[in-house]
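The first chain written gets the first letter, and so on, giving A, B and C; residue counts start at 1 in each chain.
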Amino acid sequence: MNHLPQGWGRPRDDVYGAYDASYLQNSGPNQHTQQPVVTGTSVVALKFKEGVVIAADNLASYGSLARFTDVKRLRTFADAAVVGFGGDVSDMQYLDRLLTSLDTEEAYGTTGHTLNAHNLHTYLSKVFYKRRSEFNPLWNQVLVAGVDQEKKPFLASADLLGTTFSAPSLATGFGAHLAQPILRTLAPDEEAAAGLSKEQAVEAIKECMKVLFYRDARSMDKYSIAVVTKDGIDLRENEKLEAQSWAFAEKIRGYGTQVN
Amino acid sequence: MTSIGTGYDLTNSVFSPDGRNFQVEYAVKAVENGGTSIGIRCKDGVVLAVEKVITSKLLKPGANKRIATIDRHMGAVSSGLIPDGRHFVSRAREEAASWRKVYKTPITTSDLANRMGGYLQAYTLYSSVRPFGITAIVGGWDSERELPVDGQVGSGPSIGAGGKVEGKKYGGPGLYMIEPSGLYWGYYGAATGKGRQTAKAELEKLDLAAGKLSLEDGVKEAAKIIYIAHDDNKDKEFELEMTWISGLDGPTKGRHEEVPKDILEEAERLAKKALEGDDDEEEIKEEDKPAEGDKMEE
Amino acid sequence: MEFGTTGMLNEDGIHVDMERLKKGEVNLGTSIMAINFKDGVILGADSRTTTGAYIANRVTDKLTQVHDTIWCCRSGSAADTQAVADIVHYQLGMYGVMNGRQPTTQTAAAMFQELCYENKDRLSAGLIIAGWDERHGGQVYSIPLGGSLHKQSYAIGGSGSTYIYGYCDANWREGMNEEEAVNFVKGSLQEAIKWDGSSGGVIRMVVLTQKGADRHLYLPDSNYAVRHQ
């Protein structure tokens, strides 16, 4: 063994060759999270006359493994807004705690709650942008649903880069491809969305969750759905997809010309 | 032994030969001049109340709050130097937030009192600082139910966890009073400030240790006690400020909030009525006097 | 964790992969689990530690005590998970002393999560925290790679767990008695050991109840049938 302290704990040079200590240098760039690990899939939401409907399934995937099946991805903020989280679950939990502390600080004032969904969305987008600027993004895409300062329905998205977007209907992840076209036919613009009843909006969102279950390999049939209006939040966290269509499989035989 | 002229009172952290820290005792004097603050630990919640002496007619009524929220389930009120009270609140909020960050659960009332007791005590140890000129009353509600770890997802067995020890109760109301020395005790009813003696006498009548007083009645009693305690200080106008914290099933759902306006006004009306009642009795006595007065007729 | 084919067997007979000295040099390619049952929780684990295909330790104890009745199962890098467990062990000890009351399983879970989340880009640690306390009874928390925290009725982890998702889902029942629960853990781990090359050796268990911690040991040469401890 090499008696010099510099050599202790190191593989012997005469056996292994010179030790490659390059990884000990930190002159290179700092590396942070480059990928999400435990993830949630789409969040979908639609405005209607008095408020917003938002939904996300209860699955947290680990790669293709459906690892956790009881993960509630809709989080309420002080009876004022619902945040739907897609992407990394650990970062969702971090943001959840951050929003709890924000809520606590809001309660310091004596006027009651002052933050509405609009304020909350601005706050979240700034948090996302700050973290991406530190090259340490929070790996999420979120939808914020609620009502704004004028008690009008509010819906907007924010993502890991700090990008924000607002529309009468929004969907993250796979939902952007599969649910958004359905929702847009129903509510192409704000006027159309303002003409929708709560029942119509809920039905459309449920239909989207069904389509996503059919076609998103990282989805499941248990989901959470919330209706936010100026009167408060109605959150249901253990809904099951209903009226699925599978029986037509019976008519499918072979993959082309086969008849039996 | 008096403190004056001995020199032992000129700097903080110095003992007098008979073992007193005069700077701390002077801080207590500052507290004794402040508006009365009280806290009542009821069976289903805690009430905090303060006699806010109006120092100027130019101050907006209802503004300049004296009771502060420490965390969502906890509030504090103090008598003495108001800026010292503000700093106390600011530090208490930091302690509560830091507890949440480390343990991902709300701080209990006793743990907060412990942290703040330690903080105030440290201000008796150094010549570069002075003791806090306040006595603070901290009231809170520790969740009687099991809480999730902040941010956690999932919920465990649908039938509940196995192996719990049955028949034990957890959480509930907490009330602590912290003095300039850093000394703190837990109380059923706490009072400090100018009217503390009167207020304590009234609190003792409530038999709070029996744990029978409801939060709703506690609010009324608190208002009454502040009004009675103010009676000795009648020349000055005052405002009553009151907050409460109920259990999760109660009116504030475990949160520290202002007592709603209608309930506060009702409590004040009853308080005034009770006081007037006392006056009426006195007046009746005075009406009785004419009988004696007859004798005095010349 | 994947292993390269580089490296050599040196004269001590220890496999040292020069390119893997940093990344998970000793890997707990593992089968671990913890379950809730009627009186508390049971933790279980195999005993294999591998360095590539070489079994560096065939009688490893992956069940680590961090407080009287709060334990954890470790998977991932042995060095990382030991370091994290040591830190939490210290913090929980301090909690008890400073606050004059015992920490709960939640306290431990919160501490583990903070370490795993804030250092996610430096750690490879998959942990299961299980404990018993008076107020909450038995509780099981899972902290997978990214540092998220999941409360579960039972949790499985490590490379071997992927082979037993079906077995566990089919055989799981809530509120089992101790014997049933031990058999569930044993049955699950036997399957994991059977199908996962990175799991093997003995089955260790710890039963956590109001009575404290009780260790179990089952050996492969008696087909895990006899309790040896």
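What we mean here is this: contacts are C-beta pairs under 8 Å (C-beta built on N, C-alpha and C of every residue); 3 or more make two chains touch, one makes a residue touch a chain.
Fair warning: this is a prediction, and the values are worked out from it, not measured in the lab.
K.L.:
Where the centre of all protein Cα atoms falls, which chain's Cα centre is nearest to that point?
P.N.:
A
K.L.:
Using only Cα atoms to place each chain's centre, name the chain farthest from chain A.
P.N.:
Most distant chain from chain A: B.
K.L.:
Identify the chain pair with more contacting C-beta pairs: A-B or A-C.
P.N.:
Looking at A-B and A-C side by side, A-C shows more C-beta contacts.
K.L.:
Centre to centre, by mean C-alpha position, how many angstrom separate chain B and chain C?
P.N.:
Computed value for the inter-centroid distance: 48 Å.
K.L.:
List the centre-to-centre spacing of chain A and chain B in whole Å, with centres computed as mean CA coordinates.
P.N.:
Spacing between the chain centres: roughly 43 Å.
K.L.:
Could you work out how far the Cα centre of chain A sits from that of chain C, in whole Å?
P.N.:
30
K.L.:
In chain B, what residues contact two or more other chains?
P.N.:
In chain B, 104, 150-155 touch at least two other chains.
K.L.:
Show the residues in chain C shared as contacts by 2 or more other chains, in ascending order.
P.N.:
In chain C, 148-150, 152 touch at least two other chains.
K.L.:
Do you know which chain A residues sit against two or more other chains?
P.N.:
Residue numbers touching two or more other chains: 60, 68, 71, 89, 93-94.
K.L.:
Touching residues of chain C toward chain A in the complex: what are they?
P.N.:
Residues in contact with chain A: 10-11, 16, 18, 21-22, 117, 120-121, 142, 144-150, 152, 162, 165.
K.L.:
Quick one: in the complex, what on chain A touches chain C?
P.N.:
Counting only chain A, the residues touching chain C are 11, 15-17, 20, 23, 31-34, 36-38, 60, 62, 65, 67-68, 71, 88-94.
K.L.:
In their shared complex, at which residues does chain B touch chain C?
P.N.:
Counting only chain B, the residues touching chain C are 102-105, 111, 146-165, 168, 170.
K.L.:
Okay, in this complex, where on chain B does chain A touch?
P.N.:
65, 68-69, 71-72, 93, 96-97, 100, 104, 150-155, 255-256, 258
K.L.:
Show me the residue ranges of chain A that touch chain B in the complex, using the header's touch definition.
P.N.:
60, 68, 70-72, 89, 93-94, 96-97, 100-101, 103-104, 107-108, 110
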